[in-house]
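Below: the structure, in structure tokens.
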Amino acid sequence: MTAQKKQAEQIKEISGVNPLKCMKCGKCSASCPSYNEMDIKPHQFVSYVINEDIEALVHSKSLWKCLSCFACIERCPRDVKPGKLIDAARQLVVRKKGGDYLSPDEMAQLLDPEIPQQLLVSAFRRYRR
Amino acid sequence: MQRVGVFVCHCGSNIAATVDVKKVAEMALMEPGVVHAEDYQYMCSEAGQARIQEAIREKQLTGIVVCSCSPRMHETTFRTAAQRAGLNPYMVEIANIREHCSWIHKDMEEATKKAVLLMRAAVAKVNLNTPLRPGESRVTKRALVIGGGIAGIQTALDIADAGYEVDIVEKTPSIGGRMSQLDKTFPTLDCSACILTPKMVEANAHERITIYTYSEVEKVTGFVGDFTVDIRKKARSVDMNKCTGCGVCQEKCPSKKTPSEFNRGLSTRSAIYTPFAQAIPNVPVIDREHCIKFQTGKCGVCAKVCQAGAIDYEQKDEIITQKYGAIVVATGFDMIRLDDYDEYAYSQSKDVVTSLELERIMNAAGPTKGHLERLSDGKAPKEIVFIQCVGSRCADNRGKSYCSKICCMYTAKHAMLIRDKYPDVNVTVFYIDVRTPGKNFDEFYRRAVEEYGVNYIKGQVGKVIPQPDGRLLVQGVDLIDNRQILKEADMVVLAAAIEPDPDVRKIATMLTASIDTNNFLTEAHAKLRPVESPTAGIFLSGVCQGPKDIPETVSQAGAAAVKAIGLLAKDKLLTNPCTAHSDELLCNGCSQCANVCPYGAISYEDRQVNDHGIREVRRIAVVNDALCQGCGACTVTCPSGAMDLQGFSNRQILAEVDALCR
Amino acid sequence: MSIEAKEEFRPKIVAFCCNWCSYAGADLAGSSRLSYPADVKIIRVPCSCRVNPMFILRAFEKGADGVIICGCHPGDCHYTTGNFYARRRMTLLFSMLDFIGVESGRTRVEWVSAAEGVKFSATMNEFVEKIRSLGKNVRLEDLRCQNV
Amino acid sequence: MKYSYYPGCTLRNKAKALDDYARASALALGFELEEISEWQCCGGVYPLGSDEIATKLSSVRALNAAKEKGQDLVTLCSACHHVIKRVNDDMKNVEDIRTRANNYMALEEPYAGETTVLHFLEVLRDRVGFDRLKEKVVHPFTGKRIGAYYGCLLLRPGRILEFDNPENPRIMEDFIRAIGAEPVLYPYRNECCGGYVSLKEAELAKGMCDKIHKSASGFGADMLITACPLCMYNLNKSQTGGLPVYYFTELLARALGVCEACGNSREEDGEVTSL
Amino acid sequence: MPECVKTMSQAEREIHLMTAQQQTTQTQVVNRAKELLADGTVARVLGWKAGELPYAPQPAYFEKEEDLEEFVYNGFCGANLSKYMIEASKLDGKTLVCLKPCDTYSFRQLMKEHRVDREKAYIIGVGCKGKLDIEKIKAQGIKGIQSIQGAERTDDADTLTIQTLYGERTCAYADVMLERCHVCKGKEHMIFDELIGESRDTKDRDRFAQVKEIEAMTPGERFAFFQKELSRCIRCNACRNVCPACSCRKCVFDSSQFDSAQKANADPFEEKMFHIIRAFHVAGRCTDCGECSRVCPQGIPLHLFNRKFIKDINEFYGEYQAGADLEPRGPLTSYVFEDVEPGIVAERG
């Protein structure tokens, strides 16, 4: 199995998503509140996984722009749920050594007194191994 | 003991090249009961058949085995040949030594050995064959059509024109169905009423058509050629014979707040009403639930104003029992409810409407008298957005898995009509795919784009966001330009999925007609028998079988009519003699077999039996030959072996097993 | 090399095929010249639901080494529901045979449509291969004849 | 009536008010929130990777603790609610996760999703009933126009959370009616506030919240209520719309007249009281 | 066997017996049956009468009040009388029938199959605290049995006292219960006109434990196990005759339908397959009453076949208890589209 294929399989496994179910209606992209911030758009995630171009996916800005608001998951008519693919790709990055998106130093700078704990907890959960 | 003849076919070299046909014939003579065996170049040829017939006559054969191609190919040929020579056609068995032997094996010895085994199995079976005679059942020369939409009307007209009596049962107060609610029809833009009304009138006037409106099928018994149906004619509270259709009662009725079904709830109607002006029959009904007289006992205005004295508050439901030879289901469709699609704000904004509601808005007899206006404030819209595939092609549990088929075309129609009549209104269509397979269909869609400037955007809408100023912000995506779109609109039209009328499930159960998970009736064969139900004598017309547009519905209605006529034209029906039979001495009457019978062919009766001197009344399974199709499900369910299948009896199959394992 | 040349084991296999799908699928395999071993012999039944467990046991009794039942795919039955019942019956019967120690590989159900000539042939090849690997069926015959 | 209660980390700290008011209100409404002992942080995000187990265990512990007491588990923070309800669904319906989680946990009796998880609002709706709540209100917010802000976590995925219609919810609106105010329906009430990304993508989150404020004030809301500390934080950061934002429990406590009982009151208390 | 050594004084035992007798279900049933015979409600009583041996009561009809003196009801009345109601349903008048909780499942299953007439039955649901297996008593080394006390008691006393040629012995009630009572379906009667006596749920074992044990064996071991068991079968048909589900007017093995009749001697097939087919024919209808194993003179655990089917049915198609309802369709006469494929058997390995 090529490395690309393996990564693609990994993404499918982590997410539990079958990208082949997608009918390319774009409802995910139509629903996404972060659409304009993303370089790879939600509806394109499926193609990247099918084409096994996971490198592009994991280097995409979109991973960090996704709000995990589940709008795409809720509305997907094909039960594909691109949000899960994005999350899986993010997992792939942070599970790698050195893949942390957020360092404790950086964190310290971002802090403001009003920040609720859950934001910090979740940021660590989402961005770090 | 039978006198069996075995005929081994060379099929040119198809069989003979791999199977030693002479050897097979030679071996056949050693089988019990075999008194004649021969081989020939082409058994199915005239000459081959003549040889078989000659042998039957000369050797007084009581059964024959033809070792040849698949029975699916020539069983009928050989049965007919045998019958002409005076042999019961069910005394013929085929050993398939071509498809199942010579064509798949290369080694002559091996293939010959197998051919001999197959021959032996067939001989063993034919030794146990008994002459079977198809039963006969009579045909009532009258058809029932359930549903009075365009499908039902067309089917009824076609059957009636062929000279048979037809009854239409329609549950609403008028025939006409969904088509009567449409404004214009694609791809020709005819006025729907203009082409439908004449058909309704014709059906009403036809001497061989009886229309029962405001009526429902309540009970169905019997079988192909001989159904007995109870029809409940709901109390109309108006005497059909006296009413002149003047309409004064509807005008004067003080209860006017009931949502109009015909206008999809966009306007109201009186409690005594005809659904629309061209209704047939043009006799109103009193909706007792909303009638002041029925609810409070006080009122009676309609009776007072009716000069014909047609109002009859005492009228009761009436049950009509009628016999039919054939039943056509034409129960049609409705749009799905959009409760689960709140992201499109259907329940939050009056200006988000379904396509069928738009039909009513566009229609001169509709709630806005045909003016295109927003239902919230009556203002003329400047921007209209259409959203396709709302609830169609869904793999989630909110919608339907299928394509509703008609939406692409009617949306193009709507877009075109709006642009034509109101050139200052911009029309945008969000679509996933535009599906236009049909004569002049793609051209029609292209006209919408090219001549009428309708803006088609490939991409779905995620959310419709009502704005404080009453406009609607449509958040969608353009997949080709790869950008998210925020579009302000004054109206949004949803192409909601269509689904079979929910009542069809009830009707299918009564008819024992099979139905799929989406409530569409199943056809007997998807390709070759598309207008017949697997249940004999039941035919399918229109959307009850699957989504289709008007031209398709009308063609299918005609096809269903022809199938029904084909049935009604017969005086008697020959029934398949390979049916199940219950041995009254073995039957326990335990009712297990009826549980698995897909045709409702098994019933039970208390019968006096004489079981070796014991005389007693026993509950015995009885198979109706006309209904039984011979699947054999009952035979395996029966623990005592009382139920057996003619032509494929337990002993016959066991004989084959024995011969093959010898 | 042993003195007796070991004769190749040719199993006896009975295939019950429903008339509407699988028998037609077998015909298609034939007309497409998709070969499978001659060990397989087909018995035509109207529907897979016509197959009585007695037939299967009888085949084993008479020396069959494997029995396969082929019918329309679930949902496609010519008689609408026959194969659904067959499926339950065969599942339970096979489970019972397995329970008493008869190798589960000797029995099989396969759904083959009239269009699946390729599948029919492939299934039969596979099944024969399986039975060959299992060898001669002795267990059912021996069930009650314990060597004393 | 006693419920097991999972407050979560934020309610111990930044959102103490959300917690205090809820407990006081609960007592006034005749039920008690019994904090489960030694709860651990839920992690704040539901691990979407279907192979994640360890990150789900703290939720399982909380769920099992409630099961052992034979109580329903009540949550207040949207994030905790989301995580715990979804983990519970996994434990009930996903065999693989159930098996592996139980292997880690080594409980006396395996946990298989027996506990019912309720959001405080669900308790109000399904157990107390908004009609009964209405009867208990002593200081109704008559004349106030309040916009409910749901956010994502309470509603989606609708099929698992089964909290309310995810596209057109009404539970908070019904709540607003029950405390005597007028709910303002505005379309952005179930859109994301920017949630998790506000740490690193502050601008992005601000943009989201601006839309929410604008939409709500456009439809005439005087204020917003929320159940989520993170939403609260984000909505407060954006001041374009300028609507004040309150936890729904603050208004509840005020309406029930139990504010004073909460002791540890915030500055805003004065403001709420003066409403 | 330390308990067996323990003996009661004669006086103690007599007192014990007397109090027990006052409360026996037997007495109550007899009294009630007399009333019902007298007022014409029923034409006959179907129950048990003492057999030649103290532990072998036989099913019997009683048509007169005085006949009822012979009526017995005790721990050895294992026989399920439901099946007798098939014939009794053809007689004039109602038959009073005594059914234990587990027997009522069979009765309901027979009702479902239109084999018994509910209108012809007056059902007295008799209390049951588990029925006894004489073989298990004998296996305790108790021989020369003359009489047994304790089997008829309805209280929770847990010992049997047995008079033998070699003196008095005792043993624990629970140790000598029929296997089926250890997997009791419960103490509720599924159908009755009136109830007499207390019942006890005696379930203390996993019903499928032995099936699971066998499933865990290798195919070779399984085969050896059944070969050993079935080799003892003498085709006496006792299992078939007692089984309430095996109620065919004429058994398929006795008819010519499958060429299976009159060939038994020539062809061992029938004997080999008899039990498999019998179990298959009752699959989905067998209430697991355990009568087949109870009556087998060779002690073959025939119920294992039925239980294997029940276990599979529960696993594949959802929990099902024959006779628990009157729904006409059973697991083999219904289906769902998503049913497991037969291939699951091979997959399970």
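Read from first to last, the chains carry the letters A, B, C, D and E; within each, the first residue is number 1.
The working rule: a contact is a pair of C-beta atoms (placed from the backbone, for glycine too) under 8 Å apart; a residue touches a chain by one contact, two chains touch by 3 or more.
Fair warning: this is a prediction, and the values are worked out from it, not measured in the lab.
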| item | value |
| --- | --- |
| Any chain that touches chain D and chain B | A |
| Length of the shortest touching-chain route, chain B through to chain C | 1 |
| From chain E, the most remote chain by mean C-alpha position | A |
| Between B-E and C-E, the pair with more C-beta contacts | C-E |
| Chain A and chain E: spacing of chain centres that average the CA atoms, whole Å | 63 |
| Distance from chain D to chain C - Cα centre to Cα centre, in angstrom | 60 |
| Chain centre separation (chain A, chain D; CA means) in Å | 25 |
| Computed distance of Cα centres, chain B from chain A, in Å | 47 |
| Per-residue multi-chain contacts in chain D, two or more chains | 166-167 |
| Of all residues in chain C, the ones touching two or more other chains | 52-54, 58, 81, 85, 89 |
| Of all residues in chain B, the ones touching two or more other chains | 343, 463, 596, 637, 650, 654 |
| Every chain pair in contact, whichever chains are involved | A-B, A-D, B-C, B-D, B-E, C-E |
| List of chain A residues in touch with chain B within their complex | 21, 23-32, 35-36, 41, 43, 71, 75-79 |
| Chain B residues within the chain C interface of the complex | 70-73, 96, 98-101, 103-107, 110-111, 113-114, 117-118, 121, 514, 522, 534, 578, 596, 598, 629-633, 635-637, 645, 648, 650, 653-654, 656-658, 660-662 |
| Residues of chain D defined as touching chain A within the complex | 8-10, 12-15, 41, 43-45, 47-52, 55, 77, 79-80, 152, 155-158, 166-167, 191-192, 194-201, 204, 208, 229-230, 232-233, 236-237 |
| Contacting residues of chain D [partner chain B, same complex] | 159, 165-168, 185-188, 215, 218-220 |
| Chain E contact footprint on chain C (complex, rising order) | 52-54, 57-58, 61, 74-75, 81, 84-85, 87-105, 107-109, 139-146 |
